[in-house]
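Labels A, B, C and D are assigned to the chains in the order they are written; within every chain, residues are numbered from 1.
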Amino acid sequence: MNAAFQQTATDSKTGDAPAILEMRGISQIFPGVKALDNVSIALHPGTVTALIGENGAGKSTLVKILTGIYRPNEGEIRVDGQPVTFASAQAAIDAGVTAIHQETVLFDELTVAENIFLGHAPRTRLRTIDWQAMNSRAKALLTALESNIDPTIRLKDLSIAQRHLVAIARALSIEARIVIMDEPTAALSRKEIDDLFRIVRGLREKGKAILFISHKFDEVYEIADDFVVFRDGRAVGQGRLKETPQDEIVRMMVGRDVENAFPKVDVAIGGPVLEIRNYSHRTEFRDISFTLRQGEILGIYGLIGAGRSELSQSLFGITRPLSGKMMLEGREITIHSPQDAIRAGIVYVPEERGRHGLALPMPIFQNMTLPSLTRTSRRGFLRAAEEFALARKYAERLDLRAAALSVPVGTLSGGNQQKVVIGKWLATAPKVIILDEPTKGIDIGSKAAVHGFISELAAEGLSIIMVSSELPEIIGMSDRVLVMKEGLAAGIFERAELSPEALVRAATGNA
Amino acid sequence: MSTVSTHEKRVIPDRLGTPFRRIAASWEVLLFAVAILIFIFNSLASPYFLDAWNLSDATFNFTEKAMIAFAMALLVISGEIDLSVAAIIALASTAMGAAAQLGIGTPGLVAIGIGTGLACGIFNGVLVSVLKLPSIVVTIGTMSLFRGISYIVLGDQAYGKYPADFAYFGQGYVVWVFSFEFVLFIVLAILFAVLLHATNFGRQVYAIGNNDFAARFSGIPVERVKFILFLLTGVMSGVAAVCLTSRLGSTRPSIAQGWELEVVTMVVLGGISILGGSGTIVGVVIAAFVMGLVTFGLGLLNVPGIVMSIFIGLLLIITIAIPIIARRIKVMSSR
Amino acid sequence: MARLIRKRETLLFLIIVVMIAIFSTRAADFATPENLAGIFNDTSILIILALAQMTVILTKSIDLSVAANLAFTGMAIAMMNAAYPDLPLVVLILAAIVIGACLGAINGFLVWALEIPPIVVTLGTLTIYRGMAFVLSGGAWVNAHQMTPVFLSVPRTPILGLPVLGWVGIVIVLLMYVLLRYTQFGRSAYATGGNPTAAVYAGIDTGWTKFLAFVLSGALAGLASYLWVSRYAVAYVDIANGFELDSVAACVIGGISIAGGVGSVAGTVLGALFLGVIKNALPVIGISPFTQMAISGTVIILAVAFNARRERNRGRIILRDRAAAEIRTEAVV
Amino acid sequence: ADIKIGLVVKSLGNGFFDAANKGAQEAAKELGGVEVIYTGPTTTTAEGQIEVINSLIAQGVSAIAVSANDPDALVPALKKAAQRGIKVISWDSGVAPEGRILQLNPSSNELIGKMCLTLVKDHLDGGKGDFAILSATTTSTNQNIWIDQMKKQLKDFPGLNLVTTVYGDDLSDKSYREAEGLLKANPNIKVIVAPTTVGVLAASKVVEDKGLVGKVYVTGLGLPSEMAGAIKSGATKEFAIWNPIDLGYSATQIAYRLVKGETDGKPGSEIEVGRMGKIKVGDNGEAAMADPFVYNASNIDQFSKVF
């Protein structure tokens, strides 16, 4: 039996009152990934428990189990000491669990009030939905969050940050004893975070058990009482935050020295390769200029929704900028489509791997050769041997782990999927590679590999744009960093000037 | 070039399992088994079934629809659909009829028939891939529009008087019992199988159907491919119009009424996922035979057409449901 | 005001009004209240079927079997009426609703439990249900004189100038409005189609919701079958042939997104009325019967194009609002 | 049975053809050793009929008697049948001469056209006034012939004014709307004549619903069983139809004689048709059976039970 399990189950050294909710020996297996491995944790009333772990450690998976979206392969959940099964999301809600999910899973076409109250709307005496009560209660909830969003407008008319507030309001609208927050602050500015924390403290006083997930240590120390650290799907440590210094937690999280995760190699940086002048988009970004030199890694940092992905996609020809100039190796070019970009040697590794990067049901080799079919075919006819050869070359170079090259990409783990995406672009021999959140949702081993690989590509003379929301990644990997805020450039920082404080200040507009 | 990892090199095989096992587990094999069963049933049920000429006559039941189904299969794999195919036949046939009245010869008529199909395909293609409208509703619209034009032109009239040699496409035989239509069907089946399974274009069709974002992000000209597919479907409807018009020797605006759903049924029965991304031409070919065999077999027993369609409907639902149920049972027993 | 005009429904309503105005210049008494009531009455069945279709489309599905369901159910109750003239009408109407709902439940079950795509399921049941109508009747017709007078007369009895048929249409519209706006099921339907993942997260059983939508669609088709058979005083296998596409067209014209989750009862009703007005007007203003089909096709394409154009060109709010604000300040300066 | 005769109809589930089948079965029993295969498509399409004809050819029937959905489209299929030694005749709705040996008209087309006009005249006060035609689909062969005949003979009926012709496609709802539109657009119309049952039924429903009974009349060709309601409501005073039982009977008889080689069916020949006596084949290869018969309130009850 796992040591962590014994710890929680037997002597509940964390928390004072008996646990409201206990998870014992939970395992969750996805094709190719064991997202959770025999995890046991307990949540106590009046306590904020921080769940800490690297990307892909399994935090969100735990949340989804607790909210009835996944059914774990092994283990049991107890509420008030009674074993329960969360057969559906509704069952979890009925058992008193509410959650703010990491992705804002809401309804564009419904109103704000409805997004908040869907599934538990106030009813009239005739059991019909009471829109008036719903709107006024939604208004009250949003006001408590210091937001003046009109509850009757449709969600599609809100900004990303406002959507997050709606998601928070939704979680709070459910009368629950257990409140789970999966990175609720990621898209919020400092003021909104303060409002949220005020509410969290209120909940704690009312005796709710709160599970709080965040990558930001300052926030964790500010709001949480206890902590649990996940690494590679296992609970590797827990305790009281007051008694545990940050570097100890970081060590548990990463399992080794942090610097290793960012094997930045110093390379000689050459002349300008890509110059962007006054790039503007009608609605997404405005007036962006920068220069990318050979062998350079240009980081782009910002809050979620700052417009980084849109900027990257317009460089790749997915969306068209309204105005601005692009120069590649000194020549001005215009890019109308991804085909143009690929021909010019600019490629893009998208943020949403599953949605934009891969055709998940198709085999690995077919995904790998998709942009370079002209290389593996003759006169438009496919040649399987050539395709396998090309796929094998990059699979081996990236140390891809797969049962065969003909298995669907969807069966691979996140890190290996990312390798396929990167591999398919390397096969086109690009000059500039744009990586949008290259390590999002990738497990720790693959992550270091991806970082090492990025460094190596730079060393080979490739120019790299790396969009990332992760400060350590940005700081660890970039030669220079462009910070974006609400679609505008908020500053460019040289490597020497990089510090978490400076970047966050630029990205949020306050300290 | 060095590798990043310090791991020793592992060899990833190209494929898993033997070719035989891969094929044995496929939809096409299931469907083929169904076809064989129906064949056996038919031979037992009717003494007239096993006769070369009778079987040859029976192929006319499906050859024209199957020609459209090949193109429709590609379209459905790419995630689109065209419900206007039968209306295109009507319009193309009307155009040929009008031309025939003007004394235009057979080659001209064929060109006009296929050309009309092409024009209709382009029209659909523009609406879907340039204006980005949802194909299922757009083609419900063009379905009325195309046939409507036929009605405006022909009204209660009919075109007849096609040149004598025009009859060859629908009534001629290449060798022995093999009709021109059947031979064309086989040739087109091979062409479409090659196009879908052995060319870059076919690969792009699959990629678009599996994930058209990812396809776009991989530099595939998604709109252009879809446009070409609509155009191809239009052309194939034009070809089917030539065959059908030649076979009937007359044109009325109500020609080929209701064929769109039969073509879609054939495509779906052939194992093409209506959600896009998977399926093969072999499947469609077998489905064409299955539908032809069911219709002909029941026809020999003088079962009314509408009762046959019950069988086709059941066949459709059951053959789609079987693999799903089988998978369920497998998952349940593995739990 | 600006917001009012921006609404699709208002626009569609205006278009219908303009159409009626144009038609009445060609046919003098086209715009009289009696005639308009007549058109509404005539369109009621399409409205009911379109509302049935809408509920299903909202959940990201489609029901191509509504018309076949109508044909089978209509045949079944017409035969019941002919065979047992003593059965009270209420029983027959209930039977129609129940039979329709059962056929809908078969669709719903296949979609829910086996997760077969709805278009495949209903493509199959479309032929099966109509075929069953043939098997049931042996192809024979049930004619007016075989039906009881009550069976025939109730929907055409006028109340306040509008026949009961029209009133049934109005009641169904109101019920559907309440159902979709004020009940858990209605909102679940929007959620299921609007964002299936989010719906699951919100505790909605999306499969069950689809099932219910199909059952409802079937029940409404069943009700429509009685209205149809009684209105046209005949039942045969081919009744309402092709009506499934009309019902989809009405939804699309009314702004229901075929991708699910978007649309309103008012839109659907207006979409159906739009088709109804055209269908009724063309014969009256002497448009050749042969051009009618092309006209309705063109109208559908234009409606789809129009709806889609309004959906596009959305961006993120921050810059959009900023751009709008700048334009406004520029205008002031 | 050693002689199999395929009786192919425009569509199954049509009362008229079911009645014709009754007659055909009667003839078969009378002749002995004959099996009649009653078949047809379920919707009135030529493509459907071709499939049915192909399966009859495959079954090796001795004769095919067809009522065609399209006079030209069936010709190739029927020629193929003839090549395989099958005797082909058409009845009711004809096939182009190349496709058949002879065509058996239920009555002569002139007579039917005249009958329709007479019915209209009888419904009009003083035999004068406006009327309109509500037909089936725009492609139905015999309806079109009859409408042609009516137009040709209109000069013999001074005072009758044909306003327009509309098509209800043999769909109840479309016919209903067309009839409604007709009356709205042309308030002077006093009679609607529909040479198809669906049309007469739909138009009489409109007359009834609009409260126009006694002001506007509907007449035309229809089956007594289907028309009984319209007569009862008063929307229709009288209508006509030939006897479909006799038609099916005669078609079967003729097919039998052709198979037996008792006649070649060439123009000018006379064919023995059992209880119907002799039928003479005209110069155009067409034969006519008998005059249409008029039904009204006095005899409708009796006949609506028969067909």
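Here is the rule we go by: a residue touches a chain if its C-beta (ideal position, glycine included) is under 8 Å from a C-beta of that chain, and two chains touch if they have at least 3 such contacts.
Listed by chain with UniProt protein names: A = Sugar ABC transporter ATP-binding protein; B = Autoinducer 2 import system permease protein LsrD; C = ABC transporter permease.
Note that the structure is a prediction, hence the values are computed from the model and not measured.
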Common touching chains of chain D and chain B: C
Any chain that touches chain D and chain A: B, C
Of all other chains, the one whose Cα centre sits farthest from chain D: A
Gap in Å, rounded to a whole number, between the CA centres of chain B and chain A: 43
Distance between the centres, which are taken as Cα means, of chain D and chain C (ABC transporter permease), whole angstrom: 36
Mean-CA-position distance for chain C (ABC transporter permease) and chain B (Å): 30
Two or more partner chains touched - positions in chain B: 151, 155-156, 253, 304, 306, 309
Multi-partner residues of chain C (ABC transporter permease) (at least 2 other chains): 134, 139, 237, 290
Touching two or more other chains - residues of chain A: none
Pairs of chains in contact (touch as defined earlier), listed by label: A-B, A-C, B-C, B-D, C-D
In the complex, chain D residues that touch chain C (ABC transporter permease): 12-15, 18, 42-43, 138, 164, 166-167, 171-173, 176-178, 180-182, 184-185, 198, 201-202, 205, 209, 225-226, 228-230, 232, 304
Of chain C (ABC transporter permease), residues touching chain A in the complex: 178, 181-184, 187-188, 190-191, 194-195, 197-205, 261-262, 314-320, 323
Interface residues, chain B side, partner chain D - complex: 46, 48-49, 51, 54, 57-58, 60-61, 151, 155-156, 158, 160, 167, 170-171, 244, 247-250, 252-258, 295-296, 299-300, 302, 304-306, 309
Contact footprint of chain B on chain D as seen in their complex: 12, 37, 39-43, 45-48, 50-52, 54-55, 57-60, 70-73, 75-76, 80, 96, 137-139, 144, 167
Residue numbers on chain A that touch chain B, as the complex places them: 316, 318, 337-339, 341-342, 348, 350, 355-362, 365-366, 370-371, 373-374, 377, 380-382, 388, 392, 395-407, 424, 449, 452-453, 456, 460
